[in-house]
Amino acid sequence: MSILVNEDTRILVQGITGHQGSFNAIQMQKFGSKVVAGTSPGKGGTEVSGIPVYNTVRDALVEKPNATFISVAAPYVLDAAKEAMYNGIDLIYILTEKVPYQDTMKIVSLANKLGKRVLGPNGPGATSPFSCKLGIMPNQIFRKGNVGVISRSGTLTYEIVNQITINGLGESTVIGLGGDPVTGMNYIDALEEFKKDEQTAAVAMVGEIGGTAEEEAAEYIKNNFNKPVVSYITGRSAPPGKRMGHAGAIISRGKGTAESKVKALEEAGVRVASYPYEIPSLLKEVLK
Amino acid sequence: MSILVNEDTRILVQGITGHQGSFNAIQMQKFGSKVVAGTSPGKGGTEVSGIPVYNTVRDALVEKPNATFISVAAPYVLDAAKEAMYNGIDLIYILTEKVPYQDTMKIVSLANKLGKRVLGPNGPGATSPFSCKLGIMPNQIFRKGNVGVISRSGTLTYEIVNQITINGLGESTVIGLGGDPVTGMNYIDALEEFKKDEQTAAVAMVGEIGGTAEEEAAEYIKNNFNKPVVSYITGRSAPPGKRMGHAGAIISRGKGTAESKVKALEEAGVRVASYPYEIPSLLKEVLK
Amino acid sequence: MNLYEYQAKELFKKYGISIPSGKHVASEKDLQWEKFPVVVKAQVLTGGRGKAGGIKFANDSKDLMEKGKDVLAMSIKGLKVRSLLLEEKLDIAKEYYVSVTLDRSTKRPIIIASTSGGVEIEDVPDSKIVKYWIDPTIGYSPFVGREVAFKLNLPPDESKQFQAILARMFSLYEGYDCELVEINPLVVLKNGKVLAGDAKVVVDSDSLFRHTDLSENPAERTDLEELAYKRGYALVELGGDIGVIANGAGLTMATLDGLTLKGLKPKNFLDLGGSDDVEKVVGAFQILKEAKIRAILINIFGGVTHCDTVANGIAEAKKRVGIGVPIVVRLSGVNEDIGRGILKEHGIEAYSDMMDAINEVVEVVK
Amino acid sequence: MNLYEYQAKELFKKYGISIPSGKHVASEKDLQWEKFPVVVKAQVLTGGRGKAGGIKFANDSKDLMEKGKDVLAMSIKGLKVRSLLLEEKLDIAKEYYVSVTLDRSTKRPIIIASTSGGVEIEDVPDSKIVKYWIDPTIGYSPFVGREVAFKLNLPPDESKQFQAILARMFSLYEGYDCELVEINPLVVLKNGKVLAGDAKVVVDSDSLFRHTDLSENPAERTDLEELAYKRGYALVELGGDIGVIANGAGLTMATLDGLTLKGLKPKNFLDLGGSDDVEKVVGAFQILKEAKIRAILINIFGGVTHCDTVANGIAEAKKRVGIGVPIVVRLSGVNEDIGRGILKEHGIEAYSDMMDAINEVVEVVK
């Protein structure tokens, strides 16, 4: 039945009249997502590709959105997320990159208190083929199937999803957590959902250097997760102290190395691929 | 079985070496309350009437307190309440008066988020004869019985409890909400507890001018409360725009009059006394 | 604590809320201004000063001197005008209303706004008022201002200025522990600029320990209230002729109510508070000695305040203060018997029941 | 963004955190001081400057001039010393450690403190370190400082100063969107005063839009990185000889990893990011032209970035940039076929599988 997003997801796009907002609203529509409303203060009453635009989230509530796609500029993300939460939106996906991490921490802390979910910032969102795409993943790489995918990166996720698809497998839901040091959902949150999801038979977990989220996920998998997991960790050749593109992808003070993550995952019984292309064959093995 | 406080209540006194703190710690002990610890930064290792004193609430946790009596000076109440909540104390009673109301709002908002209860500020606390007294009510006015008492004032509560006692009735729990415009628990919170409490057969609700808490309680009683309630409202002769001792006791912009409260309560089927001494006879009637 | 308009506007300035250019004037010699006409506004802690003649326009220096002196000499609703605010005369196109205050019932700050300003907000129909409750978890955020501005249907340029002002009002509301921050009217000038025509700020008196830049204003106290205030008593003058001393705000109010229901008129609310001090009792009598009364009722339910302490205080007061009216005493609670014994020695028979005492007052003033 | 010690101490001053009296000196002519001895501290964005000779003591003006010039002329760990901080020499009794930083795994700020300061905190045994996580709902409150100070077992007078400093460090941490606020050593003078001996502040670069008082510091970039940075590319120099251009941080890292596993040494990380712009592609080649490399691998998974755009960029670069080394291209995803067609016209056979492309690089550099 997929996780997080499905045919009941009704998407609001905050900042729909911007370049990213309008482009992705249309792409989501094409995918089959229900994009029910957009906001753009001062542009209420207009529309984007048939999607009604409102001045405020409060006004947009007439369209009964339950998830939001936030693509406003970084300085305004905190406000947009608060507006969404104040108005009862349950799932907050933030596309924007370069959001100050203390703003993200405020958003995440608020969401925890209010029982809301946050996906991102700076990630590609969530896609359940073909009931709903909330985010920016390319529409054409998916096939409906039984593999759940969780990743911190964007393009690498597409690469791996594409590998899964062209090798005859398919995805239940693909989740991009985002490349920042602090994000809303993490691996464990997604694994908990996949655990409950009947459609998901195995999980592909794509990790990268920085932080200890993969190590914590490994601990969770060892103790609480009953479906097979395969993994690919990138950044093995990254030098310490350098940010590798993502704000969160940095080995600092000895923490966050690929070795540490691979070791933790393997100790948790996870098969770890050396190259992305190995993921489908590993999946086929564990799904036997 | 009484509400809020009982034989399982283990009291911490924050500010135990102050005048109010030590005096009331001893009075609570005399009543039979379990006063298990006190705090006073820098005085850890000493004791007050056999009660061990700690530097911090964290340190005092070895005594397993689950309720706190806060009697620090007004500027430090917010910090003391945060310290108690951070360390998992469930029931926060604040004796201190003149706490800035925005501090109280912060405390109440935090408590709501963290699932804690706040009683006060500026009230006499809660007493369940004779299992536990958390607060400053005089020890000798109680008799165990089936009347729940809720009040916003101090001495007037004692007056009425005394009337109940000397007229042969007794109390399940007596709750003083506090005389400030913003307090933690309000009438409805207490009524919800009394509704569930088997020991309580009737409730005496003592109100006063200011705000609309009594009106809201009346609405709740009308729709949700199945035990008889009698009431006394004070401040009928108070002029508008004047604070009558309590920060919260003020009729402002036409709101908060005694007439409005009496009317709302009577419409909810509550018998309202003209004088405090009438409360016991009204109780006897409704308890028949 | 209510702030004067000029004080409130100083805080507005500090928080970046646009105000007219102005000058606070406390004496005649400062009645000077450059660009006429100028508005002369009486600084008093009450509403309705306009109707009472406390706002005048002056067209030149001479006119200003005359009108300024006039207003400085006024009393409005019994309150002496002690200073003025001189302000540029505004070229007003529209008048709005906006305030931030506490909603006691939800325990949340509430924003109230209307495009019908310049009159008391109580007189504006609900349909023309926008109310917005701030979620304490989420707090104020720019979207709040957007929602309010769109609901008010403000034109874009006004909306932008309104949102900036509202955000700053909320910062002030939180930063200075306010009970109320009100702008009425919020003025839109003919040139499109939005600013605070008037300013009303009420600061929580209990928070003054952290706002040491605010000195306490003389509130609207009667002479008796001022005397009591200075001596540390919570006294409210009520206008009748029965002096009342009790302990606890609720019990004191109940005492007043009891007297009133019996057809008597209490002179005052006086709460001894949670003290146990003979001198505090004596001091209460010293204050009531200054009031025109026919009797004094003392109603004590002993708790923190012990009955014997009160009895000693009454005895002491009889000796030292010299009270010329009958004293009726009710003592109940902690050390009631000791107290009653002490009073007996001084020829006072104390009641233990409140109603008996009230009825006795009815008797003695017959 | 790392701040220099002198910048961090300016922020400390702003937040009321006690610091030694000092002076920032960027040129020889400002090498002046009143009260000797004085400490001359190299301002560089790296640790271990003490061991490297970047901290010296001067006993008089002449000594200061000499040593100041020496240190100004130094490079430490490859970083040129551009300025100095002159500071009063402290009469140190004890050295502590205290920092506020982000704990990524709990998403909470963490306070780390120790009475064993003056050395890298990584070298202090866990038993001598106090850690305190701030609950984001409750935030910082004075009790936090009390708990930490009592756990450190500080004497009362030190404790009081420590708590004040910690509260202000936390205000700074939040107020300036810091990733780290660190004082090491936190110095206790022989006279009992507690102050910040050193100061390390890292500000979240993404927050600079609201800290306009901070200008961006030159980070520790190599020449190639600096060039890329100025042109708006995310490039990290790695030291090998295979140039890499890819799109997306994860895919770029995966490309580097693939090359490394095959025994090759990548020269760089270069992420085209989420753009779809021919010139962006051309620009990437222009940067790599400045690097000593043996081949370039372009690895694109087309999404936002279309494969045909990249193909056009490569073709354009071949024409305009003049790249003297073999180019291996992998294109997959959006408009892959069009892209492959375009490249074919320019004599490049693009792979659709990433591994095939990596293997081809192995071939061409053999």
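We just call them A, B, C and D in the order they show up, numbering each chain from 1.
By our rule, a contact is a pair of C-beta atoms (placed from the backbone, for glycine too) under 8 Å apart; a residue touches a chain by one contact, two chains touch by 3 or more.
This structure is a prediction, so every number in the text was calculated from the model and none was measured.
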{"item": "Selected pair, greater C-beta contact count between B-D and B-C", "value": "B-C"}
{"item": "For subunit A paired with subunit D, centre-to-centre distance based on mean C-alpha positions, whole Å", "value": "27"}
{"item": "Inter-centroid spacing, subunit B versus subunit A (mean Cα positions, whole Å)", "value": "48"}
{"item": "Centroid distance [mean C-alpha coordinates] between subunit D and subunit B, Å", "value": "55"}
{"item": "Multi-chain contact residues (two or more partners), subunit A", "value": "113"}
{"item": "Junction residues of subunit D - those touching two or more other chains", "value": "137"}
{"item": "Chain contact topology (line, ring, star, complete or other)", "value": "ring"}
{"item": "Subunit C-facing residues of subunit A, complex", "value": "41-42, 44, 55-59, 76, 78-80, 82-83, 85-86, 110, 113-114"}
{"item": "Residues of subunit A touching subunit D in the complex", "value": "74-75, 98-103, 105-106, 108-109, 113, 136-138, 140-141, 151-159, 162, 179, 181-182, 206, 208-209, 211-213, 216, 232, 234-239, 242-249, 253-254, 258, 274-277"}
{"item": "Subunit B-touching residues of subunit D, taken from the complex the two chains share", "value": "135, 137-139, 141-143, 146-147, 150, 156"}
{"item": "Subunit B-touching residues of subunit C, taken from the complex the two chains share", "value": "102, 104-105, 107, 122, 136-137, 174, 177, 179, 204, 206-207, 209-210, 234, 236, 238, 246-254, 256-261, 266, 269, 271, 274, 301-304, 332-334, 353-355"}
